[in-house]
Amino acid sequence: MSVLDDLLLFTALASVAIIVLRRFAFISKFSVVVYVLATVLLIKMSALGYGGEAVYSSFTVNVLGQVLQWRFDALSWFFALITLVVALFTALFMSGAWGDKYRKEHSKEAYGLLQVALILNVLSMLVLLASGDLLSLFIGWELVSWASFMMMALNPDKVARKAAIKYIVYAMAGAMAILMAIAMTYNMTGSLDYVQVMQGMAQLNNSQIAVLVSLYAIGFGIKMGVIPFHLWQATAYAETPGAGAVFMGAISARMGLYALILVIVQIIGLTRVAAIEIPYTFLDMQNALAWVGALTTIIPTYIALKQNDARYLLAWHGVGQGGYMLLGVMIADSIGTAGGIMHVFNYATYQAALFMTVTAVIYRTGTSNFSKLGGLVTQMPLTFMVMVVSIIGLAGIPPMNGFVSKWLIYRALLLDGQPLLFVAAVIGTLGTILSVYKLVHNTFLGQLRLEHQDVREAPLSMLIPMLGLAIIIFATGVMPGVVLDWVAAAQIAIGIAPVEHNLGGIELVQGGLNMIWVTGVMFYGFAVGAIIFYFLGGKSKHIHQYDNYAGGHFLTSKVRYHYSNHFYAGLMHLIGGWYRNIFIKLEYALVSLVSFMSQLSENFYRSSQPAMLVAAIVMLALWYIMSADGSAPVLVQGLQGGMSK
Amino acid sequence: MSKIGNIPVNAQNGKKRTNPLAGVFDELVQFCQSRSMFMLHYCTGCGAIELPPAMTSRFDMERLGIQPMVTPRQADILLITGYVSVKTLKRVILTYEQMQSPKYVIGICSCTVNGGMYWQSYATAKVLNEYLPVDVYIAGCMPRPEAVIEGLRRLMGNIENGKGIAWKDYFQRYDHYLGNQQHLFGNDWQTPTDIIGEARHYGLETEQTCGEHSRILEQHQQPLEPYKMRIKL
Amino acid sequence: MTSVTELLAELLLMPFIAFVVGLAMVLMYRKIAARLQRRIGPPLLQPIYDIVKLYGKETQISHGLIHDIGLVMAVGGYVAAEIFLPVPGMDGIADKGGIITLSYVLMVPSLGLALGVGQCANPNGSIGISRALTAMLAYDIPFIIVVFGVATHYQSTSLVGMIEYQQIHQWGIFEMPLLAVAGLFALQGMMGKQPFEIYVAPAEIATGPMVEMSGKYMGGLFVMQTFQLYTAGVLYTSLFLGGGANWFEFLVKIFIVVAIPMSVALVFPRYRTEDMVRIMWKWPVMVALIGIAFVL
Amino acid sequence: MDNIVLLVVLPLLAAFLMPVVARSSEVVARTLGLSVLFISIGIILNVWSQSGQIDSQAVSIVIGGFLPPLGINFYVDQISLFFALAVPVMVLLFWPWHRATSIREYSLMMLLTASASGLILSGDLFNIYVFYELLGIASYSLVAIQGRVSAVAASFRYLLMGSVGSVMMLLGIAIIYTQTGTLNLAHLSLLAPEKLNNMLGLASFALILTGMGVKAELFPVNSWVPEVYGSVSSNLAALMAGLLSKLAVIVIVRLLILLFPQPEALQLMGMLGILGVLTGELVAWRSRDFVRMLSFSSIGQLGLIFLAFSIPGEMGMMAGIAIALHHMLVKPALFMLATGWRGAVENLSGVARRSPFVVLLFIVLILSLLGIPPLPGFWAKYLLMVGLSSQDGFIYTLGMIIVPLAMVIEMAYLFKIVMIMYRKDNDEPAVNNSNIVDDSNIVDDSNIKVVQKHSKWGLAIAASVAAMLIAIVLQLQPASDKLLSLANQLSDRNYYISTVFPQIHTVRMQSIK
């Protein structure tokens, strides 16, 4: 029994236990204990994070001439760590007041099912991460998809239901693309074992690789929600019930990136991918994928900018941030890949924290609609603080961790000489800054609404995981070396030169990054600012929000003196017309096409003279077969020939 | 240009200051205050037309460190340029109360001094300093830019000499001003600003700050305590 | 590694120098404005008078803790940014950052200010911030293209490295004239001066972000403005004009750099937000892209 | 071993005796059918247990003492034995107990049993035709006897199509006979490479394919399916969709392997399979009626089976058998669940709250049907995909694209139902049944009763199927080995020939040496 066996077995048993015990009140505490223990088991494998040998499971299955096996390498370990940590925080988050309220509003069963969905998601992700060959990868992949579906389907609302169905259709399409690719891989290389496939890939020609890469990229890309498959994700994650959205938003879609790194970077190898020229463009396939990443940062980010609901805004950013990861990985040098992989960790921390803050706001106010919020900072200061820390991370501004990974990606693009991709990435970041300000402003700043005057801070059980995540966001921002160690190990595992790093960041001849210095100087600056502010000026008086400049107007609670609607009006005057819903129309066209074909087929099945139709078809077929031979009377000849015998 | 005598202001010049900077470099701060004045010109009447020439190239107020500002929060001087109708006065008072001390009021044109040609109007407030502590009046119908600048220089001199303390009067004798305001606007008069609270906060409260009029105010006043940032789980 | 004294000197002196130079730049701006309008303009020490007066206010309003912290972040962020900007003789810490870091550190004050203004609960302020962020989106795109081109050309993201390269070889403005032009255009937006100052629009949204700022809050913004002008000047000088071998050269350069957009600013009216975005995304971006094509 | 013949004879006898016996004693007549079924099962189990070798070795049973090719024989190998067992078992499972069934229906069921067993066991082309006709007659009548107007109409359509089919099949057989002069499969198989490996052979295959295809729900000749399944009882639908279609498929495949070596035959079948998958799933996507949806899904799945069998080589055979067996398990179970859920899918709103366990069962079944790992359906689909990708032809490439698309569409409509079932807001039937059921002129919905309760028997069947699926997952390794041996045996022509003509085998072996 290896530690991996222990981990998988433990999680599986825990899933069973949670399924059985889901209606009991202690299930929330129980699940927290489960995730703690699972994390401990994972930490027992922490040698992986520092360049240790891969851990194999002793459990294998022989089926149809394939050996299914499971193993953990540094990359899986890294992703598994994120998964378990996020799950732990999520479980903590939902264990207390939030869970009680959810139980009250829905039912014990519903809460139990949420716990079940969480553990099943974790289990399926661990199975996916542990996969040791393409077939077990696919099994894990499908398990993850369906576990996610279960989580999404827990929300009984109509919108959520529709989103869940949409998700699963997309996921199925992706899975089918992967299945096609796996079948082709098997036939081309004669095996599905990673090592053998890797060797077999060397024998393939470029067009074969091109087909495989596109199929795998489509399959994994659908899960990540890359352009043009981004439509499903935001609604689905946003509508997942509170704590579920925390988990899903933070890590679920990243499984796509894991598989993509594993298959396209590690097994196929980016040099092979880069060797494929795409006809009629100046791009090779690697560049094309990088562009997909870049577009994925831009388009969803700007869709997020238009959202009027905090959950949707965050979920759309989730899609957009996936683009950075893909972009980083596709730069293919050690810095870029490090940025892409590290961004998974950073993203998971701040996205989880952000979803938690929004859930906390919903918990207290019952809404996440920007038009119905505002000014909550006085009521929920700690939640606000966590949100600020996280949005600084999301926007990629120092000293939070999101900056480091984005810096790596920018740096790699600079070194690689990719001006347009660089600009695209920056456009994405700028859009992010715009929309995170909208998020924090419309929720927490501005005028407090009358009905929210008695809103209280989020309960402690929700605050603890939020603050914990905020600390992680800051700490890994100041000391990115901690995460970069793991990232470097993962890079070795996927066959890329590890990034040269130290505790504070990157050592580079042509300009490195030392976050300890940056943070130090920034805090020195803040200290100077504070001294100037607090010791050089007089006493200030804290005043009521209605004591406000309104051109001489007398403000009362009857007048809503708050700006949240149509927040970036000026910008939208210009770019508003660019939101043409082209992808939605594309999707609709596809559905219409299917519908049209379906109608055609139905007409066939309904035709009232089936027998005549059949006869006609058969006659046609016969005529074809006969005439194909060039001699029409072959039937007659044949019959005569037969008789004469 | 006629000489205008001092307007009676009953402020006591308490030495207590909230600003540590001012405590140390009292003179310096007063000097700077006199040399840097941001004015909010409340263009109530015809006098406003004299301000553009005063600001632009012909007379160039910026030589004196005077420049226009937009909101009461940023401004030091409130220029009332013309007659003040009752309706306007409400806004003027709100604007004044939203300005940050030290703050100064300058009444321009005769209308602000005694109602001027609107003396007989039922809808005009006649004497501005019944409602606000006016630092300087600049009489005339209308006063020329030279007169305006002269008035401003007078104010600068006052500030530099530590005599520009009319703003304290408003805090210290708030009840008096409030009474006049209530007399004009009716007893349900209230601004969203909390002058009494401010007076207490900055230690400017005297026995005349509150009185019978502020008691009337308290009876119907909307609560003005700011939302405290609180961590109440 | 710099010695402790040097470090301390940099930490203390660089923001202070920035402040003093920035004050002079503010004065220059007001003087240029006055001269262009045929006025005399403010006295020599007017910027100091203003700041001292604002800090010397007896009363000032705060809309809450975030209002205060926002101001601290705004000023503090710039203080930090100044330390990352290399000046003659002091570039020890600047070497730790680099141009990408600097660009993002420069967003911290904006973010701080945005948060502070948000808590002021005044829609004019929020509108101002929404416009300011839009403006940032507008000018940062040409600026970042320029940064990319420059960093590619010098094969470095370290400002110190870039300056060294230019002092050995040739000024960037001669090697990359198109990028320099585009950079100047972006600088105009970055300084928030005339054609692109819709976000303060005094008559329309009551100076936008500054609407509720009084006393030391406003004073903080004035300090921030000095830093802002200084940063713009030094950044451009470091990228294109070879930094400064000595202080005199350096100061001359940065004052000239700042004076150009200022002079341009005062003969222009104001663009609307969308027009600003449009013009920023069209001309400087185009010029910068052509410039990059030459660099690559 | 020779008892195997009884599998055909006994039910046939029973079928004819039952109406006669019923005149004297109805009880005896009713028990007669059941007892015959039990006897049949007993016989097969006996055979199975007696000769352990049957498990791996095929046997040819000569009937009447005349040796093939002159005499007729039954060919018993693993797959035919399995289906011979499946016939009585499934007939028993879906026996029309629960109603006051007329003795005629029992009689017809016996006829169905006999002909189905005969069909799978026959080693002779003409017998196959005869049993096929018998099977047809039994099923037309069974459909018609359901008593509903819609059932009669559907039956007529079925009859029409079936008749055309049998004529075509007869024509095909006639061509084969003129070419080779024999009808024994083994003998034909010997002659096929030289005599049937031409256009004429292909034509005869096309004719037989379309003829048999009527039962096997092959693409152009399957438009009876939705009407028939929609109007008969779920039991009969389960039997027809689950068992009879697979029997026809297996027979077609056997003929294909033995008689038609040309690749065009495979391609033809593959093409029809693809069309079946595509149209079936597409129409199912539009259906608003639960049973119709299942019927079209069944057409789609049969298309998959044809496509799988059209892949040359062992992989295709394995895939075909796997999908066929899987569908044989899952589809009847789904039809069993449909007993409680007839009518418009909109009416299923809120079902999950009333009967959560049944819905869970339904989900497990459809997940397997969709091929979600690690459920058995996945392995079948995996084999199909690997098989398809291993081939080069246009058909297979098309199949590679169409099959995943069809799966996505299938998933979309099946999970639309699941979501409706879990809907909370609307527990009342959303719309009046008659408005929603497809306005097809054939379905006479006035007679469809919305039964809101499942029979316990049906649920038990569905539950045991689900349990079996999970059991297979736990026993993947033995299951895949078994599948491999089944496929090997089915695809080996020489093995068939040498089993029927042991002497030829030895002669060949010697000649090779």
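Chains here go by letter, A, B, C and D, matching the order in which they are written, and residues are numbered from 1 within each.
The rule we apply is simple: contacts are C-beta pairs under 8 Å (C-beta built on N, C-alpha and C of every residue); 3 or more make two chains touch, one makes a residue touch a chain.
No experiment lies behind these values; they were computed from the predicted model shown.
K.L.:
Indicate, using Cα centroids, the chain positioned nearest the centre of all protein chains shown.
P.N.:
A
K.L.:
Give the chain pair that accounts for the most C-beta pairs in contact.
P.N.:
More C-beta pairs are in contact between A-C than between any other chains.
K.L.:
Report, in whole Å, the distance between the mean C-alpha point of subunit A and the mean C-alpha point of subunit C.
P.N.:
About 36 Å, centre to centre.
K.L.:
Counting only Cα atoms for the centres, state how far subunit A is from subunit D in Å.
P.N.:
Taking the mean C-alpha position of each chain, the two centres sit 43 Å apart.
K.L.:
Could you put a whole-Å number on the gap between the CA centroids of subunit C and subunit D?
P.N.:
From the centre of subunit C to the centre of subunit D is 78 Å.
K.L.:
So which stretches of subunit C touch two or more other chains?
P.N.:
Within subunit C, the residues that touch at least two other chains are 55-61, 63-65, 206, 211-212, 215.
K.L.:
At least two partner chains per residue is the criterion; list those residues in subunit A.
P.N.:
Residue numbers touching two or more other chains: 375, 377-378, 381, 448, 536-539, 541-543, 545, 547-549.
K.L.:
Would you please write down the residue numbers of subunit B that are in contact with two or more other chains?
P.N.:
Each of 17-19, 21-22, 71, 73, 198, 202, 226-227, 229 in subunit B touches at least two other chains.
K.L.:
Tell me, which parts of subunit C touch subunit B in their complex?
P.N.:
30, 34, 37-43, 45-46, 48-50, 52-61, 63-65, 202-203, 206-207, 210-215, 218
K.L.:
Can you tell me which positions in subunit C touch subunit A when the two form their complex?
P.N.:
Where subunit C meets subunit A, its residues are 11, 15, 55-66, 68, 71-81, 83-84, 93, 96-101, 104-105, 107-108, 111, 114-115, 118-124, 126-127, 129-131, 133-134, 136-137, 140-141, 144-145, 148-149, 151-152, 155-158, 161, 198, 206, 211-212, 215-217, 219-220, 223, 272-274, 277-278, 289, 292, 296.
K.L.:
Can you name the residues of subunit B that touch subunit A in the complex?
P.N.:
17-22, 71-73, 90-92, 94-95, 98, 191-194, 197-198, 201-202, 222, 224-233
K.L.:
In the complex, go through subunit A and note every residue touching subunit C.
P.N.:
375, 377-378, 381, 384, 388, 392, 395-398, 403, 407, 410-411, 414, 417, 419, 422-423, 426-427, 430-431, 433-434, 437-438, 440-441, 444-448, 510-514, 517-518, 521-522, 524-530, 532-533, 536-543, 545, 547-551, 561-564, 567-571, 573-575
K.L.:
Which stretch or stretches of subunit A touch subunit D in the complex?
P.N.:
61-65, 135, 138-139, 142-143, 146, 153, 156, 158, 161, 164-165, 168-169, 172-173, 176-177, 179-180, 182-184, 186-187, 594-595, 597-602, 604-608, 610-611, 613-615, 617-618, 621-622, 625-626, 628-629, 634-635, 638-639, 641-643, 645
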